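What follows is a short report on a single structure.
Naming follows writing order (A, B, C and D), and every chain is counted from residue 1.
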Amino acid sequence: MKTKYQQEFEKDRFAKNTGIILVDVVPGYAKAQLEISEAHHNAVGVVQGGALFTLADFCFAAASNSHGRVALAIDAEISFFKAVSSGVLTAVAKEISLNGKLGTYLVEITNEEGDCIAHFKGTVYRKKDTYNF
Amino acid sequence: MKTKYQQEFEKDRFAKNTGIILVDVVPGYAKAQLEISEAHHNAVGVVQGGALFTLADFCFAAASNSHGRVALAIDAEISFFKAVSSGVLTAVAKEISLNGKLGTYLVEITNEEGDCIAHFKGTVYRKKDTYNF
Amino acid sequence: MKTKYQQEFEKDRFAKNTGIILVDVVPGYAKAQLEISEAHHNAVGVVQGGALFTLADFCFAAASNSHGRVALAIDAEISFFKAVSSGVLTAVAKEISLNGKLGTYLVEITNEEGDCIAHFKGTVYRKKDTYNF
Amino acid sequence: MKTKYQQEFEKDRFAKNTGIILVDVVPGYAKAQLEISEAHHNAVGVVQGGALFTLADFCFAAASNSHGRVALAIDAEISFFKAVSSGVLTAVAKEISLNGKLGTYLVEITNEEGDCIAHFKGTVYRKKDTYNF
């Protein structure tokens, strides 16, 4: 059964259109997956950096909003380690810092063999507004 | 009339599916646009960070591959300044450093009023392979 | 004659020990300089990345605190374009975004020939506390 | 007894002047420490961002050059989580990606209580030149 958090994040149209699925979310942690198709390819036939970023960013958004307070992304950076063109990618977001105003998260994207495809870090500003899940 | 570069970059399926158009590309420079629709929204009704990143990343790819040598993204970072939910976004990529192996580019995304929505920096590794446009 | 801002920033012991001089600061802008000596070299005889970062970071701190409100660095990133081992380096910080809570700045470090040596971006969280200059 | 690697890295004048000590280095890993004094403080009495960056950057340089090939920093980014003004800081660098041309490292800086003070990521370009340790 899906939690209210999962239902909430499934309203993300861009992530949904990209084919991203939120697998798990608990406070400070989230996991998401993307099954690669040709729709994610760039001009040279590998997954576009934007598709990888979207997977990581969505996972980061789920983890950073998981405490019930609205969290807005300030910035993010991603390192690309390996080009991929097929298979299922898994992103896992973990909280490495949280205080009243700011939170920072690392997201690792791996392929089915467990190779690290990309590494992402993102920081949010935490508003006072809360979700009424 | 479209140049061969533009034709080449239009093979980017993910950027195309996202609705991104390559407006201009000359060596070391590129401009791209995205007309926002609800398909680009996240769960809270503003443009998803991944859609903004994809716009910037595509523009960066065009500028960095514009010299005719294959350029692969090593890493990229993006700062988000303002949430937007409609209108046309324009990304402009400029080269700030280029040597035999590496190139670095800044990309600014602005809305129709000229406000800076997001600022991106990306670095590529330049392979020896060349395009035969 | 030195402004109160300049006097305030000269209390930065680490920047001072590194040999960094604040040349100019006005709201949203700052310029700083460093004359390279062997004291700034790393194990292979070029300026250490930390010395370049410190120059940029100090310039960023001056620009971001220049509005009179205490600004704390959230994060920063730097790209290194060219190794240098002597001469005077100049850093110029410019504000690219400012709102009630956050500010973002680009800093460019150039050598005496005007070559771009490094490019830095930093973001601050703006506290409500003000300086009583 | 010090290894040749440690002896080599101790030639880093800027890190040495900053008071940084290389505690350990093995291929793909390094640990360094800094005992904070007022010489590392900024204008508001906490450790300057440049001092933290220098600690992380030096540790990153040790880890990335540890394979015996010359590795040059392309870029780096750091997130600051907690202001500190005294005590001993420890930086640990770990390799998260390595191929023939590029390597990426995460560096975590902790205080004596084990709190994460700052988190750093850096990427190197690996030259063909080797050290003759």
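Things to note:
The rule is short, and it goes like this: a residue touches a chain if its C-beta (ideal position, glycine included) is under 8 Å from a C-beta of that chain, and two chains touch if they have at least 3 such contacts.
Computed from a predicted structure; not experimentally measured.
Set side by side, the interfaces A-D and B-D show unequal numbers of C-beta pairs in contact, with more at A-D. Averaged C-alpha coordinates put the centre of chain A at 29 Å from the centre of chain D.
Spacing of chain B relative to chain D, judged by their CA centroids, is 33 angstrom. Counting only residues that touch two or more partner chains, chain A has 74-75, 77, 79, 123. In terms of inter-chain touching, the protein chains here all touch one another pairwise. By the touch criterion given at the top, residues 77, 79, 81, 96-97, 99, 104, 106, 116, 119, 121, 123 of chain C touch chain B in their complex.
Put simply, chain D touches chain C in their complex at residues 8-15, 17-18, 38-44, 47-51, 53-55, 57-58, 61, 70, 72-80, 83. Contacts from chain C toward chain A in the complex involve residues 74-75, 77, 101-102, 123, 125.
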